[in-house]
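We call the chains A, B and C, going by the order they appear; numbering starts again at 1 in every chain.
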Amino acid sequence: MAIIERPASTNEVATVATPSSSLGALKRPVATTGWKSWLFTVDHKKLGIMYSATALFFFIVGGLEAVLIRLQLAAPNGKVLNADLYNQMFTMHATTMVFLFVMPMAAGLANYFIPLQIGARDVAFPRINAFSFWALLFGGIFLNMSWFLGGAADGGWFMYAPNSGPIFSPSHGIDFWILGLQLAGIASLAGAVNLITTVLNMRAPGMKLMRMPIFTWMQLVVQFLLLFAVPVITVALFLLSFQRNFGATFFDVSAGADPLLWQHLFWIFGHPEVYILILPSFGIISEVLPVFSRKPLFGYPFVVFSGAAIGFVGWGVWAHHMFASGLGPVSVAVFSISTMAIAVPTGVKIVNWTMTIWGGKLQFTAAMKFAVGLIVLFTIGGLSGVTHSVAPSDTQQTDTYYIVAHFHYVLFGGAVFGLFSGFYYWWPKVFGKLLNEKLGTWNFWMMVIGMNMTFGPMHILGLQGQPRRMYQWTEARAGEGFFNLGFWNTFASVGSLVLSTGILLFLINVVITTRSGKVAPLDPWDARSLEWMTSNPPKEHNFDSIPTVSHLDEFFHRKYQEDASGQMVKVKTAEQVMQELEDNADAHIHMPSPSYWPIVLAAGLPVIAFGVIYSIPIAIFGGVIVLFGAYGWAIEPSTAPDDDFDPPATTKDVVHVG
Amino acid sequence: MTTETHSTTEHGMSNAGYVRIAAILAAITALEVSTYYIDLGALFLPSLLIMMAVKFVIVVSYFMHLKYDNKLFSWVFYAGLILALIVYGIFLATFHFFS
Amino acid sequence: MTSDSHADGGAHSSTGLSNNKLGMWLFLGSECLLFGGLISTYMLYRGRVGAGPRPSQVFDIPFTSVSSFVLLMSSLTMVLAVSAAHKGDDRNTYLWITVTALLGATFVGGQVYEFTAFYNEGMGFTTSLFSSSFFVLTGFHGVHVTVGIIMLMSIVGIMKRSKVPGSKAETVEMIGLYWHFVDIIWIIIFTLIYLIPA
């Protein structure tokens, strides 16, 4: 374990592990710096950064794919991509953005901040945490290797039959897609078990559920959604695998199958999935808005319960994606009504945010701008959502650009803006430096303008009848005047370049900040929740002593108290609050120890996947790696024994974590 | 806390108790199999489903200790189970499975 | 948060419950949706036999009843192992775990025999939608049982070399929960798939 950086004033708080052996197999890794310290880490903060970096990389990949799509559609008879490549491009764009950007980014933030927000020193299962990350990374790489091995998946991100069958998609692309998503699914499922256990079990004393920061709450809902939704897509993917690789006919109409089986399974997963994508961002802005409005979140319990309600009702609306599939009138009516109902808890949240800002002393930092941007843009997307909850109107809209407009307003304007808000808000916590606010403002406005230029016209395009997933449009059918499809297509393509520039500004901001950014003060935003009650970046063990929590917004209440006239006045600085924790520092903290096994176990998975596609012996070899990893894992304690630590500590004063 | 923290689970039942539970399960299974040979008419389906549910609950409550354990465990498990029943029930209903 | 607590996830958790156990129950809750999906798929397709045999033509109810009974009894031996482990009675723990693994192996052996018999009667994996969904469902269950057997055998080996990190009793209990879960899934499969004709 690392020697933990700590203020010179405090006692010794952590120790280094020097294991003599790791139970016969491999010696436990001990590197505290360099690449090994990342490869074998089980620290939730390092893993959080690794998740987020991976996600950011795939964001760029998915973004380039999107730009190619828009370049193809910028002018009539586009020649940038051929039809086949175009299909691969939109399929992989969506898959990448959903599964390899938004989900891992949210997972990264969850990993980093949940333990800090609930006053814990790590997650419940640190090694499973590492395993989840590696499984996700290997899954993402595996998925994208298809580009070089005969072509990527091309059936659209929901992969309906018959397009998913070998006749329409003879390359291995869809096989890579299926298995890559299975790996990502394993990662999500393991992550869900881990994070739910963490939230329920690892809270600091006094951190009751209704005192938890709202980001943690929304993540808890998300993790439950993952826990129950991932197995559904797992089933669907297995069935498709058996169809493509082993001759079954689950979705083959000519063999008497019902292709709606896939659609149901996909959307039973798929609709909860859209809440998996948006709720983390709802959580982020519910942290950001109060901080920069200098007011507590309006109606905290309502925000919590509406989040839970969304998570619950989200299970009963999936067939609204299938209104045009001949479900029958009863099903359509039922799902139409339940879909309208789900707008209610969503609306509750928007009201709460608005009331939070209302009358506040607003500080328009970049984080705040993105948060307010989310409220506005998400509302637009929510409203178009309600228009397609009305089944007759949806039959006109479905499979047109109107749908594309809807989900980009909720996903880009909602989920992505929320994540960016989080980047600006939490950057100083993670890296100790403040992102440049001026560049942040440019970043924000370019993204707002670019996003509205790109996706706004798609409402018009869609209602005018331009179908989704069409690789070319022709002047002949583009129409006249304001509704000229050509004009709006070009306009949207220009918008996508503006949007890309906005994102580029963020990347530039990151580089500049890393090189020469302003070092962040301890509490740069005068924040409210526990993750700010520790150094920037936090020490390896997060807190010198575990705080006892007596309020919602505990950190705020330690800094501020009511004076005689009922005003909240600052009574302590953040430094003073920190000092109190340091004064009670635990003498010896034994953190969970690094381990080889998570990455070994995860490395077996893509090998199995390759074997399924190319040859079964390879899969068996992968299985052996998994077994080997599992054994090493099983016999190695999560935290090295006390006498492996240096200096040896008497058990009396050692605090064990995990 | 000492290593033997799970006293609750030990309160669960004696070994003889487990054997009794197993005997009940075996008896129900015998009844289930007998429906294959005896014509129960309209009672056939409901009786089988009820016996299945009873066996399920017995194993979960006694062998898996849910009856004696913290309610949170029951909560997370039955949440998954009930969600599965409802969602897949509706799913099959849209295929007119029940009509 | 003191002394030898790290062996025992539950000792200092906010709910007082063990991390491992909570994690396991969450996982089992999730598995309900996995098997639910497979069972529903089977239900949807059980009548679609194409040119292949119908369920009632291939199922051998007496045979499957016996193997179901074997699996059910393995739950009893499993619970006896857990109870012995909690008492710190190593000998009986090993004994009952071994018996459980043997009963499980008997069940899987029965399944292999049954699958072979079906195949010989003209019901292969790709014969019909019914056969594919049947093999996928029962195959998934069989894999779960097999994984359980591997875990049982490994834990005996590991325990004999006394290398179980953490509490032995809890480890056995954890495997027990998994094992019983696999059993209750079979309780459902036995009724819905075998006893209720399509």
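Heads up, the rule we're going with is that a residue touches a chain if its C-beta (ideal position, glycine included) is under 8 Å from a C-beta of that chain, and two chains touch if they have at least 3 such contacts.
If you're wondering where the values come from, they're calculated on a predicted model, not measured in any experiment.
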Chain-level touch network, classified as line, ring, star, complete or other: complete
Greatest separation from chain A - chain, by CA centre: B
Centroid spacing, where centroids are CA-atom means, of chain A and chain B in whole angstrom: 36
Chain centre separation in whole Å, for chain C relative to chain A (CA means): 33
Chain centre separation (chain B, chain C; CA means) in Å: 14
Interface hub residues of chain C, defined as touching at least two other chains: 4-5, 15, 17, 22, 26, 29-31, 33, 37, 44
Shared-contact residues (touching 2 or more other chains) in chain A: 196, 200, 227-228, 232, 258
Junction residues of chain B - those touching two or more other chains: 72, 76, 79-80, 83, 87, 91, 95
Residues of chain C that touch chain A when the two form their complex: 1-6, 9, 13-15, 17, 19, 22-23, 26-27, 29-31, 33-34, 37-38, 41, 44-45, 48, 50, 125-126, 128-129, 132-133, 136, 140, 154, 158, 163-166
Touching residues (chain side chain A, partner chain C) in the complex: 23, 124-125, 189, 192-194, 196-197, 200-205, 207, 227-232, 234-236, 238-239, 242, 246-250, 255-258, 261, 265, 546, 590, 631, 634-639, 651-652, 655-658
Residue ranges of chain C touching chain B (in the complex, touch as defined): 4-5, 7-8, 10-12, 15-18, 21-22, 25-26, 28-33, 35-37, 39-40, 43-44, 61-62, 65, 68-69, 72-73, 75-76, 78-80, 82-83, 86-87, 167, 169-170, 173, 176-177, 180-181, 183-184, 187-188, 190-192, 195-196
Touching residues on chain B, where the partner in the complex is chain C: 1-6, 9-10, 15, 18-19, 21-22, 25-26, 29, 32-33, 35-36, 45, 48-49, 51-52, 55-56, 59-60, 62-64, 70, 72-73, 76-81, 83-85, 87-88, 91-92, 95, 97
Sites on chain B touched by chain A in the complex: 72, 76, 79-80, 83, 86-87, 90-91, 93-96
